[in-house]
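Starting off with a structure, shown below.
The chains carry the letters A, B, C and D, assigned in the order they are written, with residues numbered from 1 in each.
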């Protein structure tokens, strides 16, 4: 478990870098190196922090809470091994709610300083999350329905054991449903724009506006980890092939896992360059369509 | 004989509906009561039941003399010589009266009650009298006329009481007479007060208590 | 052994009685009334807690016969495991609330009769205990209405405010309507069993014809549902709860509406013992409806207590989901799953009682310190009242079902039971429904989180918006202590589900002959897989990682040195009016769900250029569709009709006489 | 035997004395004393009737069984409380210059005569005399209704008198028919109207005659008892009379009229073996239903209470109609409970109207602030009268509902429940508005006189205690009365 914790923490910035790099290339820019996020984080950690005079202890506590709760959630998500021996204490529901905790504190800290940008971002985030969360759950359930458990390791075990049924249509639908949710949750275009601070468009970044130094670093790191976790969740729900159970040939599966991550990252970057950001009040429709997809997936699964 | 009496009673009741002045009602009422007394006398003559005689006597005294006297006094005191006011027109009221009489006869006929020795024809008449009495109260707007309607109803009662059941037990009859008397007196008192308060006996003025 | 518990139970009742009378005796002396009333309530609560836990431990029911009311109606208290569980909930809340009140009622000193308030509180507790312990339908009805009546009077405590009077009226009428339905269901049971005591209901009711069972089920559902505040019968709830004094609202929201759940369990599990499948579906549907609509209406609120009231409706919805699921499982003969669902709902009953009590107390503390419940007039309280802030935050997190607090545990169990509708039942409908229901539960969870952020953020963070908020002071010790008790509860019952399971299993085993195991971990062995959750361990890991992180940062880069400066506000100094208000916070949601709110939005811009306005007024009129579309027409129609009907009494004597004679003639024509 | 004559004489004596004694303070105390004395006598008679044997006398002119005794008990109790209350009430009226002192003496005169007439009604054995008594109550109480010589009170009195007399006349016809139905059994003798005799022979009576007799009696006495649709005089009279009189009218007079109906009903029902019950159920339900709109939209406090009386008379009638041991038990219990609660309510309303100088409910608010005692009692009574637990009315209403379900009158019972809850919501709307809130500025915060508050307590105790505990001896009494109503056979 400790290994996994370290792994996700260290791997997250790399994936972020990969995505940024790919994007840059697709926009015919050289772009920073894939290691850039690591430099950023180190820089942030060293820098002094400026906090608002109006802010309370909450602003200081939040980054730690957010970071830790996301890392904790990471321990329950299979990455390159099915079972790291922790799954008895949590399942997908706990994961979703740990993410919710992180989001909750982020939104609170955004209000702490009293600026209207923070409030704007926070209120948008919470409004969108109210639709993202059921969409995520629904798409996950659509997949889990086949194995009848909310425990991811058991699910993956059953999935790998009784063959990988990618071609069943319900999987296809669920796949697209979850892809939409994935984009929304990682705060990427067309739902949110991660590299802007323009108040009309931003959602997640707006909440971090008052942060600087180590606190900002932790927040961004946490965001990257969350992105990694969602990607690996996605991967293991849909392409769990080659994943090792405890004591299996770890190394191979680890390499496979990284490869899948990179591939998915590239895909995300691709999508991001293809589309433009849509209006805030269009987003619910998008997520709605995701829910419809997962509902259809469930129906197909049920009535087949 | 019985037929005649019955007819007279009916006519007197309908007549009460047709009067022009309130003061006219008093003699008609007296006449009605007199006929009633006559009837009681006749019953006594046929059945030789002593208390029927007493009843006849009481009817004569109380109903045909005292009560009209009281009413007359009241009317004089309030001096309502004016014309009576009706809800319906004279002819409509006549029509309704006829209908009510028919209804009364019909009702009693379809009750097919076991007939008694004497005065079988009196039953429908008495019920009709009650209907007509109530109609008098409904039709006339002058408060006093409702007293008169009431007395008509009571006459109808007496008709039954005397004829078919050969009168009630003595004590009850006395009580009833007493009540009649008191009622009329109180009606008199109240109509005095009403007249002094409302400057009229028109009960349509007295419709402030609604809902 | 049992007689010891009996003594404790009777003693606790007597303490409530004593509290009532002593408070009334001292109604001249506020201080004494306060102390006597609430201390005796406290003792009564403690005794009740002990008695309840003993009964749950030993499974020996308490039975006390008080007296005979009329011929065959006896007032007897019988505490079996189900009653004991609810007794436990009530008593715990009684303890916390009575401690809290000692501080809270000081606000009313000299202004309002403390004696009546304290006495009312005691009687209210007494009546609630009676409701869940009497075992005869007539005495149940008496206790039930007595409870409603007392809560009505307590709601009316600040009857100078017109809206309070309106709330009280709506409340008392709706609860009476509900009672009528309960009476109907009892009478129906009586019609077939020819007895009125619960004993014979339990024996006879299970083998009634199906149609009769359906009638009983529906009437009892409507009857108890009104009190529980299920949508669409909830309209009294968001009115009455905010109107009452806060410690009373805490009791009403945390405990009183739970007595309805008790009633439903009694009827469905003890009396009817199984019925049609659609029962579960109906309850589940109502649950989903209540949960979603309840919180959606709640999101729009800027009044703390109104929001909490709406969220009570939402939580009732969650409880109903559990109930519906358990009924479904029962009708499909899935004992283990039924047990899980029943546990989930019982667990949530306790949890909701605890955190909703805590939150209402928190709102009460804010009210006490600032004399306003409107969050748009608050702000920055976290610095003025740190204790209240933290406690309120804990309550809010538990309300939003965040691990490691208790709210999460029961929601997890509910999630599991809903999901296993689709995992374990074979009918395709339930497979679909289960997933959807679970998703809606997620939806409500997210909305709750959003509203909690809104309320905590607006009321406690950033700059104070008014002088009330700026001059607020921390509340007295007693109030804080009362809240701390419940806050402790949220943590303990979160990380140690075993405590609750030990109690609920006693009940669940009666009905499903199955039980869930667990100490620090809730463990459900299904035939296909094993579901388990352990917040205790999760917390430990969480803390471990936290410490590790801090330590690492310390050693690698040392302590972060912070500078403090003005919030960046496009270069202009930040003033409170620029802060995000509650209204603006919930605006996106309102826009997304326009249809539900019947929003009337008016923006009028003054000034010659629209882009350089002198003044902008923005009015947002929100009304819940249920009231406008359902209730208002009904009421208007009734009044209109009765005004027409009143015409028969037209004040005219002649027409009255006409009625008489017509009646007579008709009757004479009627008879043979 | 002497007791009974005392029972009838004392009220008359009191009346005359109050009228004659010019000294007002003595007079008012004296009338209270008289009423109190009568309570003792009445209760002792009642005790004999309940637990020993029916009291008879004056060669079978007097016959007091459980039913009569029950009525006597109610009359003396309510009478006493009302006379107690009248003291404070009338003092206030005099102080307010509304009436003069010798008008008060007239008031006491008529008041006690009124009580006397009602006692006569309930002790006589002969149905004819019973009729006479009821007519007398009409006449006397009409004068009391007209007590304030205002236009409205005269109007009310006139309507009351006329409708009452017409109804009574119908009733007399009914009684004559009843007499006829028995006359060929017993021949013309005073005995043949004694209801003991009739009752014994109920089996052989002529069914046609008895049925039509019952119809006339029902419409007739029904008018007096305020059964819909003959009730229209009732709200006027009850709202215009002085409050203590309203209490007596609602609390006792209606019961007395019902007593007349039930007496005859027991005979008729035995003759027609249960055919008559349906009429009672119909009129009972109609009376409950007809009050609903007037409760939902109402402006006058005392009218509202009057309508609620109509409702409760309906409930009692319904209970008797439903019948069976349980139904009758409930009905009788309801009689008692209604008298207590309603008189309490009227007394409280009397205090309120005197304090606010108005019966218009929109002018009344914040009673709890101006008169905490009266206000809280008013609230309790209001909840009690609408059948809310834990107060007495609920017990009886629920018993009647039980009986309804037991005897299979499901529709009637459900309708009954529906109407009751509608009435509750109507009444509460106004009660809440009156009791709570801020009082108008001009009204001073002070209870009415001690007399006016003390009188509230006796019924209050009944209202509260009997809701939670009906003492066994009282249950025994109710059993007895129900037994009589059942026609002596269980």
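Miscellaneous remarks
Here is the rule we use: contacts are C-beta pairs under 8 Å (C-beta built on N, C-alpha and C of every residue); 3 or more make two chains touch, one makes a residue touch a chain.
Note that this is a predicted model, so its numbers are computed, not measured.
Common neighbours of subunit B and subunit C (chains touching each): D.
Looking at which two chains touch through the most C-beta pairs, you get A-C. Between subunit A and subunit B, the centres computed from C-alpha atoms are 99 Å apart.
Work out the mean CA point of subunit C and of subunit D, and you get 44 Å between them. Separating the centre of subunit A from that of subunit C, both taken as means of CA atoms, is a distance of 35 Å. One finds 78 Å separating the Cα centroids of subunit A and subunit D.
The set of subunit C residues touching two or more other chains comprises 646, 649, 653, 657, 660, 668, 671. Across the assembly, subunit D contributes residues 158-159, 162, 166, 170, 212, 235, 294, 297 that each touch 2 or more other chains. Every pair of chains meeting the touch criterion is listed here: A-C, B-C, B-D, C-D. Chain contact summary for the complex, subunit D toward subunit B: residues 126, 128-129, 131-132, 135-136, 139, 142-143, 146, 149-152, 154-159, 161-162, 165-166, 169-170, 172-173, 176, 179-180, 183, 188-190, 192-193, 206, 208-209, 212, 235-236, 239-240, 294, 297-299, 303.
Against subunit D, the residues of subunit C that register as touching in their complex are 67-71, 75, 138, 141-146, 149, 156, 159-160, 162, 165, 168-169, 172-173, 176-177, 180, 183-184, 187-188, 190-191, 194, 196, 638-639, 641-643, 645-646, 649, 653, 656-657, 659-660, 663-664, 667-668, 671.
Residue ranges on subunit A touching subunit C, taken from their complex, read 5, 45-46, 48-56, 58, 60, 64, 67-69, 71-72, 75, 86, 88-91, 93-94, 96-98, 100-101, 103-104, 107-108, 111-116, 118-120, 122-124, 126-138, 141-142, 144-145, 147-151, 154, 209-210, 213-215, 280-281, 284, 291, 295, 298-299, 301-303. Every residue of subunit D that touches subunit C in the complex is listed here, in rising order: 158-159, 162-163, 166-167, 170, 211-212, 215-216, 218-219, 223, 229-230, 232-233, 235, 279, 292-294, 296-297, 329, 368, 383, 388-390, 394-395, 398-399, 401-402, 405-406, 410, 413-414, 417-418, 420-421, 424-425, 428-429, 432-433, 436-438, 467-470, 475.
Considering their complex, residues 379-380, 382-383, 397, 400-403, 408, 412, 415-416, 419-420, 422-424, 428, 431-432, 435-436, 438-440, 442-443, 445-447, 449-450, 452-454, 456-458, 461-463, 521, 526, 528-535, 537-538, 541-542, 545-546, 549-550, 553, 556-557, 560-569, 574, 576, 578-580, 584-589, 591-592 of subunit C touch subunit A.
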